[in-house]
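Here it is: the structure, laid out below.
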Amino acid sequence: MTISKFKQLRRCYGFDEVAIVPGDITVNPDQINIDFKIENFTFSIPIIASAMDAVTDVSFAILMSKLGGLAVLNLEGIQTRYDNPEEILAEIARAPDAEVTPRLQKIYSQPIKENLIGERIQAIKRSGAVCAVSVAPANTKRLAPIAAEAKADIFVVQSTVTTARHISKSYRGLIFPELLKSIPLPIIVGNCVSYSACLELMRTGISGVLVGVGPGAACTTREVLGVGVPQITATIDCAAARDEYLNESGRYVPIITDGGFRKGGDVCKAFAAGADAVMIGSVFAQAKEAPGLGYHWGMSHPHPALPRGTRIKVGTTSPLEQILFGPTSVTDGSQNFVGALRTAMGTCGALTIQEMHQVEMVIAPAITTEGKWWQLSQS
Amino acid sequence: MTISKFKQLRRCYGFDEVAIVPGDITVNPDQINIDFKIENFTFSIPIIASAMDAVTDVSFAILMSKLGGLAVLNLEGIQTRYDNPEEILAEIARAPDAEVTPRLQKIYSQPIKENLIGERIQAIKRSGAVCAVSVAPANTKRLAPIAAEAKADIFVVQSTVTTARHISKSYRGLIFPELLKSIPLPIIVGNCVSYSACLELMRTGISGVLVGVGPGAACTTREVLGVGVPQITATIDCAAARDEYLNESGRYVPIITDGGFRKGGDVCKAFAAGADAVMIGSVFAQAKEAPGLGYHWGMSHPHPALPRGTRIKVGTTSPLEQILFGPTSVTDGSQNFVGALRTAMGTCGALTIQEMHQVEMVIAPAITTEGKWWQLSQS
Amino acid sequence: MTISKFKQLRRCYGFDEVAIVPGDITVNPDQINIDFKIENFTFSIPIIASAMDAVTDVSFAILMSKLGGLAVLNLEGIQTRYDNPEEILAEIARAPDAEVTPRLQKIYSQPIKENLIGERIQAIKRSGAVCAVSVAPANTKRLAPIAAEAKADIFVVQSTVTTARHISKSYRGLIFPELLKSIPLPIIVGNCVSYSACLELMRTGISGVLVGVGPGAACTTREVLGVGVPQITATIDCAAARDEYLNESGRYVPIITDGGFRKGGDVCKAFAAGADAVMIGSVFAQAKEAPGLGYHWGMSHPHPALPRGTRIKVGTTSPLEQILFGPTSVTDGSQNFVGALRTAMGTCGALTIQEMHQVEMVIAPAITTEGKWWQLSQS
Amino acid sequence: MTISKFKQLRRCYGFDEVAIVPGDITVNPDQINIDFKIENFTFSIPIIASAMDAVTDVSFAILMSKLGGLAVLNLEGIQTRYDNPEEILAEIARAPDAEVTPRLQKIYSQPIKENLIGERIQAIKRSGAVCAVSVAPANTKRLAPIAAEAKADIFVVQSTVTTARHISKSYRGLIFPELLKSIPLPIIVGNCVSYSACLELMRTGISGVLVGVGPGAACTTREVLGVGVPQITATIDCAAARDEYLNESGRYVPIITDGGFRKGGDVCKAFAAGADAVMIGSVFAQAKEAPGLGYHWGMSHPHPALPRGTRIKVGTTSPLEQILFGPTSVTDGSQNFVGALRTAMGTCGALTIQEMHQVEMVIAPAITTEGKWWQLSQS
């Protein structure tokens, strides 16, 4: 009986299972550069707001751009299905718990109005903000030209899992090299989680990759489909693909870790694992300016037969600027993400995000012992 | 002091500890074939209802067959001990918690009526359904001929642990090659969990193997006897035995993972671990059509001195068809198992169950952090 | 930087982290022999009641012997400090929680009456029972001759940790070869947990070793001193020492796993790990016949400055005979330990305890998901 | 695809995940020497009270010295910002939960009064106690001469992470060899957690190293920054650096494990991991004599934009002497730390702290099963 007959399983790690080791040199935060670049765009903070209807609308996208980051507008959600999205958002916020999933299924069954795509993009552009929009692969061929014509800056093709190759009977799969020829925009594609899938996506010529599928043990993709990889391992693997692709092509394609962030420490760990930027949903849904009115729901277009996103009451905590930059008087890591990142980089002696990729991380599982004062040790 | 003096322990994994990694290719669900074959029978869904009294009675078996799957009728339970099983099932449902175990012990001490075996089988057959029945090893020699004469299609020999060799003072052990000669039916045998025990069973010439002993840490076989192997490892090991047996014999004997399923993700993981089909109990006991009336109890014949099954209130959720195929508006994975399987296979680029056996899985433990909104992340 | 500079830590396992794998052959329980031998004494069940005041008094020792096992009377506890121990036991049972530790400290500060040692031993012997008694190392030289003179059958030297060599300024350490010459009884010594400490004890010529120090993560020795080894690993290591000693000396010295048992599954696992017998405390304190009146406290003589045993309300469940042999109508593994052991051995094809030592075990951690019906899966 | 492309993560361990293995020899506690030396100072117990405002004030430092240990006075806290620190401490204790973080931010924004530094030091010295004081790196050049002039005995430079090299635009980093020349005191520096950072600090010539950054999974540095290493691994690694430095220089620089201690077992484990002394905060904040009045807050000077310390109600348990030496009638390990250490060393046969460094430790995770009586096993 040779062990090699048996399927081998590799151990993966999530945010709560790892920690960053301080370095042998420390750096003052004022020395640190956290710029994020995607093609010709440079952002002063490497943080992107998710293409979710409870997170990004036109005004949130403008605000995020002003603060140095980026927000992605979902072109298949409420913003492009309804002339008056605020009404619909309020309806979702008011719906009783028991009715909300069918209500969401109904709301998202309304058709996308192509004229609204142009309107939303132009509203963002008029403010001077960088405009990023997202579409699922199945609708990309139809909607990408409209977005390009409306002068969107960055185009995101996103679904739970997106690969360079897709087999379908009903339609010809999306071919990224063809898409790249047809629209003159940087294209970010996702999500993926493995070395090989990420490498294959990069080889199609796209400009960025979103990393993250079913990151949390309790997230619905993991519950319903059993599919997912914890975010630290997914980020490490895709970062290795990025480095490999840089070796073979000379082109640096950034990876953006998407999903599962709850506090500053998680963000710092994603960069230590190899992320070039992070995409944040739930925490931004808590911002005063978020369109979700204190609620959040996951899927931009809940599946009619197999929904995987639930509406969750996240509450409203503070303005986006405070979440990003503080000051804060809470000590749970839910605010001042940028300050936390700079401080963590300082303790590691990392002057840039790329240097942060090199720091040591260790496996240091969270042992749940809540409610005991001694766990709140102070260093 | 050489380490080899010490007993070595291998790490095993259960459903909650692993996750499926999406593939480098994705496939539209409409391309996917999930047929399950056992000898000359082909089922359009690879899902089998357990031979438990709270799950399968005559009408449930007929319904399951209509929906494309299979249900196994327990020939040593209430259905063959009582002319009027509905009365007994209602009595179990009404029993107060404190009295239920002795009540079950008493109910299952009534003798099996051999005439009822024929009646139940014929009732299933008359509907056109495939009829599978199960018996424990000790009663097989007596009851198998009756089942064969009544034209059952598939014969299942099942106990907590069944092996190809059994040593007993009081009776001559069941010899599978002899049984195979005496009845002209495909025989499925179980349960087993190890490579060698599974391989030995297959070498007796039987047609299928049930995999699963004490799968959950809290299941009563583990508590009472300390015996059990988590289902992912058990499935991987028995799948290796199947592949080995195919190599040596040219015969493909399917394995059926039995026990511990709670949601779609678990089912998907079993196939990724190597299962050809899954056998489901508790979740089907929740179906509107289940004979258990919202209750479930494990053992078909609770041991008079060492009972291991408890009656559990599982409640009644929805019709069986909805559990299997949706549509659903719940997002916890408890409905639309077939849709979940097809979608998971799609994200892995698996066109058949056999291709699903090849997908990558990783160890990604569930960290319990219930009640925190951030765990309900949305991808 | 060589890794060998750093202290290496080996992973250890407790009852809840392992499970027994069924064998390739199964055996009917009626074929199985579970005798336990220590020198010329043979017991029909390999189960010993702890030398704790809440567990073993004279009548409990007699009952245990009648049922085929053994109980050890603590010679430094209430039974030998008080003419009328029942009064003291009732006082402990009645003491309010807040006062119980100082009360215990006071009760155990009374002197041992040497005449009571003889009385208790003779009361046990008169009934025809095998009489085992225990003393801590520091008192052994004084009390062993008294016990021998009173015709005790088996002498146990027990403290939290006992080694073959002890360094002390205040007294000359106990030398086991000397003790063996001075009293004509089989001597069992403990507790120990490591291969080398166990082997060294066996080489002194003693007749049995107690295995177990701080077995549970929450047990007080672990909390207060940080000292302890989980029981499965401790048993595996000491079993290796026994086998090594058998090789070098031709003498088989049984090991007795002591502490941490809560249910039948734990007992079965201890034997699969290599135990020749198990010593049980808390579960027997729940017996109707236990002297603790539904309470249990750990240490026979709580340390005046550093107490490690707390009084715990364990309640009273059923007669000892039912705990050992059933029948039971509970399904949590807390009754019918002998039936569970025979059944587990049957699923492993083990005809004797020595064959049970050879069965495969796996690491299969308990994932806590209490209160969810699906965990109560039924096989 | 070579695995070496991927970032490797080493597994780290905290107090709750390990246990000490008893030795092959045992020693009576009366034989054991637990002296701790730092340069010319010898302390009869290897325990140091943290430089936290809720733990150490002048009178606590005097008491700790009398009891054989050491306490470190924070020179940048309330004691040197306020003439009347008791008033401020009472204000903190009275502040409602919701207001306490901004209140702390305000309190710590008052300037340090240099005259108070001298006054506090002299008050400690007058009593005959050894006086240790601490300062953060940024203020060291300014405050160290004042402390030296006031005749402090030991100087501690402490921040969350301190390294031998610090890069800053705004000021020239602290150079330890220069500091050592400028003040004639033994200097202890920290905190650090890695082999290389610790070794580099020792090579600057300092006299002791504090070990511990974000030790607990729930501690705020881990939550907010993602930075931290569990204490057992941090101690093992820094102990290896100490031994390496001893090899290369002939100089023994002690390491002091700082943070995360809750009970006697934790203290014992730190020494088994290689600590020469332990620094304790929260548990001492519970002492009757602690200045925090039953409250504790972590940071000596909460960051204005990114606070990481929360005020926690720890309550008041007993006099410091009882926490250190007992007697106790509680059994949870929260009292009689010194007795626990001596007893644990006794079970390991360790006559000195250096011998305790050599004892075996194992990985034996805490499985949370609180509230179940059987976990409270008694050995």
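So that you can tell them apart, the chains are marked A, B, C and D in the order they are listed, and the count of residues begins at 1 in each.
Heads up, the rule we're going with is that a contact is a pair of C-beta atoms (placed from the backbone, for glycine too) under 8 Å apart; a residue touches a chain by one contact, two chains touch by 3 or more.
Quick caveat, the model's predicted, so the values are computed rather than measured.
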Steps needed, at minimum, to go from chain A to chain C via contacts: 2
Mutual neighbours - chains that touch chain B and chain C alike: none
Interface residue overlap between copies chain A and chain D, same or different (over half shared): different
Whole-Å gap separating chain B and chain D, where each centre is the average of the chain's CA atoms: 55
Geometric centre distance via CA averages, chain B-chain A, whole Å: 39
Residues of chain B whose C-beta touches two or more other chains: 16, 196, 365-366, 368
Topology of the chain contact graph, where touching chains are joined (line, ring, star, complete, other): ring
Set of all touching chain pairs, with the criterion as stated earlier: A-B, A-D, B-C, C-D
For the chain B and chain A complex, residues of the former touching the latter: 13, 15-16, 18-28, 30-31, 195-196, 232, 236-237, 239-240, 243-244, 263-269, 272-274, 325-333, 336, 339-340, 343-344, 347-349, 351, 360-370, 372-379
Parts of chain D lying in touch with chain A, wherever the complex brings them together: 1, 5-7, 9-12, 14, 16-17, 52, 101-102, 105, 160-170, 191-194, 196-197, 200, 212-230, 233, 258-260, 262, 281-283, 296-299, 304-310, 312-314, 366, 368
